[in-house]
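Which chain is which? They are A, B, C and D, in the order written, and residues in each are numbered from 1.
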Amino acid sequence: MSLRLQARKLACERDDRWLFRDLDLDIHAGEIVRVEGPNGSGKTTLLKILSGQLADFQGELYWNDHPMRRTRQDFLANLLYLGHAPGVKAALTPLENLAWYQALAGEPDDEAARFKALAAVGLAGFEDLPAGQLSAGQQRRVALARLELIPRPLWVLDEPFTAIDRDGVAALEGRLAAHARRGGCVLVTTHHELADSPALRRIRLGQGGDDAAL
Amino acid sequence: MWAFIHKLGSPKWFYAISERLQPWFWVAAAVLILVGSAWGLAFAPADYQQGNSFRIIYVHVPAAFLAQSIFVSMAVAGFIYMVWKIKIADMAAAMMAPLGAAMTFVALFSGAVWGVPTWGTWWMWDARLTSMLILLFLYFGVIALRGAFSSRDSASRAASVLAMVGVINIPIIKYSVDWWYTLHQPATFSVTSRPAMPMEMWAPLLIMVLGFYSFFIAVTLMRTRSEILRREASKRWVRELAGEVS
Amino acid sequence: MPLFREPEGGAGVAIRATLKRDLVLMMRRRSEVLNPLVFFALVITLFPIGISPDPELLATIAPGLLWVAALLAALLSLDSLFRSDYDDGSLEQLLLSPQPLPALALAKVAVHWLLTGLPLALMAPLLGIMLSLPAGSYAVLALSLALGSASLSLIGAIGAALTVGLARGGVLLSLLVLPLYIPVLIFGAGAVQAAILGDGVSAHLAILGALLAVALSLAPWAIAASLRISING
Amino acid sequence: MAFDSLSAFLAMGGHGVYVWAAWGVTGLLLVGVVLHARAERRALLRDLRRRARRAQHHGAPGAAATPVSHQEGHARES
């Protein structure tokens, strides 16, 4: 299926400071795009803009060659966003957390799929424990289980490797690569160095100054 | 039309045009307020019931009018900012809020002082005074909300939404307070809803109202210009302007 | 697993799931449901102690007292309405759902009313007895509170959404929201007053209903817009 | 003219205190608003001029002109 996220002349000014300017992006199916840059260079902001959360920026976004404003619903139906915070309710069990996400995404209510997704991220046996009793890394894995549960081609992941152990990192990296191979597309920020592959592309954001280079 | 609005929205253009408009409003405000004051204080006849204390009406009513109008203007400016992203509108809204609160305070204070000779007490839960008090709290809310955000863009948006929510509520509040007042104080004498006033009495009132509005416009223009300098301090045209002035 | 599946469930499924999730969450932190009720009872206890135990005096001020105390109790739990979702990142996910945000926000507000406003309304007649509220006004008290507190939850949610991104939004929230509560208070307490005096209460209840209708039709959009602002930080 | 003499004007038929208090506070507030607006504008212009001079000295207009107003940046990243 066709998959194309474009940004033209993207610029974001936050309280009189340019985070980036004249940023042109072209993200296709089968790509892993890593957004790099020092702290405060606007990586999270860029991801929020590209995932349609922020509206106050200059420039245009296109989803499958249509302006984003008109295809927002279609875009959101294709998007899976994992934010800085895992979005996991401490008082709910992993299963209940995933059930809400399933309904929110318009997926059928399928308990077997939830069990499978949790097993895939190494949480078999923890399904019915309140998430608050899990470690930070395990909570992050609950969030990552959404990647297994909800089929969406465009992944926007903000620091997904945070708090994950080495095995988990390797598994997630494999998961990203597999997603790209199958024609999906991943946009990711991370301090973890990703293994080089033909699918991997890097975007560098400048030091929050005037020159945001591609 | 659109081009015009967006041009008006450009801070540089607004700065230039407001510089030419501003003096007229200052002159109008000064002349109208002075004439209105002299007429209202010295020439208008005394009220047959209240005597000379009724002359407080000439500051109370214009201030009360302005207090409400400023809130509405603030909401309109907030709407313009939210829909068309015109920053000037937000700057003006930010500058209007303290003036609106000040005017509400004037209306409250003059109303309270007026209460002493009329009702024999400094405070009466009169419908207009109560509405004014609530309006003052609404102003405090908008000002406090704007001050609470660390990001100015978010502050502007939040204050705009709150001003719009407030302006929808103001008529509801006013109506319900009026209703509450008539329920609890049937047929008491209200200071401002009076039977037909003779021309010599309402003419100075009209002049004062116009004077207060001119004053509001003049102050808002002036302070919005200051706000432009503050927010656009890094822009080249502002730096050049500062160079010229020095 | 396929790469993409067209979302099947519509807004209805998402709203139901959100209702269920919030209900479960609140039931697991039962103290948050009970605290406003205890607060309500406590405030009502303070008044006879602070003013006078004279039943006649208490009866005259009871409608207003009960309404003001219930209003403050409902306000108490408002700050947490979106706060935990904001802190753990669920709010972002709510905003990015392909479902209409006003409807989802409305679901959250509905849970707040169900577990705060409604219990307060049911409890108010009990406290009315303690304030020697005249007979014949108990049903109206509960009904007016149930109806009015729905408006309060809706209006309050706007304030909660505006302040959720602020570290210390609690006091500010009260400052923003309380002036907007006044019309509801006037007609709510007025209904009880009218019932005591033997006047018709249908006009008051109708106006409370009208206020609720206005709040229902406008507040969800204001809440959604405010949440989007707050998420921008 | 509604008054016969200056003292009658000042006394306002016994209500002088109230009338003059209301007018006085209003007048003070209006004047205060004007003075504040003027002081604010002057301070801003002075600040801008100082900044412009500093930029000339250092020869780096962009860096010197970054406003000091707002605290932390936006992006909350680790």
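Everything below uses one rule, namely that a residue touches a chain if its C-beta (ideal position, glycine included) is under 8 Å from a C-beta of that chain, and two chains touch if they have at least 3 such contacts.
Given the structure is predicted, the values throughout are model-derived calculations rather than measurements.
Innermost chain of the displayed assembly, by C-alpha centre distance to the whole-protein C-alpha centre, is C.
A count of contacting C-beta pairs for B-C and for B-D identifies B-D as the more extensively joined pair.
Here the spacing of subunit C and subunit D, counted between their Cα centres, is 41 Å. With centres taken as mean Cα positions, subunit C sits 32 Å from subunit B. One finds 16 Å separating the Cα centroids of subunit B and subunit D.
Separating the centre of subunit A from that of subunit C, both taken as means of CA atoms, is a distance of 35 Å. Residue positions 14-16, 56, 84 of subunit A each touch two or more of the other chains.
Of all residues in subunit B, those that touch two or more other chains are 151-153, 231, 233-234.
In subunit C, the positions touching at least two other chains are 232-233.
Listing the residues of subunit A that touch subunit C in their complex gives 1, 51-56, 73, 76-79, 81, 83-92, 96, 99-109, 148, 151-153, 182-184. Put simply, subunit B touches subunit A in their complex at residues 85, 151-153, 231, 233-234. Note for the complex: subunit C touches subunit A at residues 1-10, 13-14, 16-18, 21, 24-25, 28-29, 84, 87-90, 92-99, 228, 231-232.
Those residues of subunit B lying in contact with subunit D across their complex are 33, 37, 41-46, 51-53, 55-56, 59-60, 63, 99, 102, 105-106, 109-110, 113-114, 116-117, 150-152, 215, 219, 222-223, 225-226, 229-231, 233-234, 238-239, 241-243, 245-246.
Listing the residues of subunit A that touch subunit B in their complex gives 14-16, 56.
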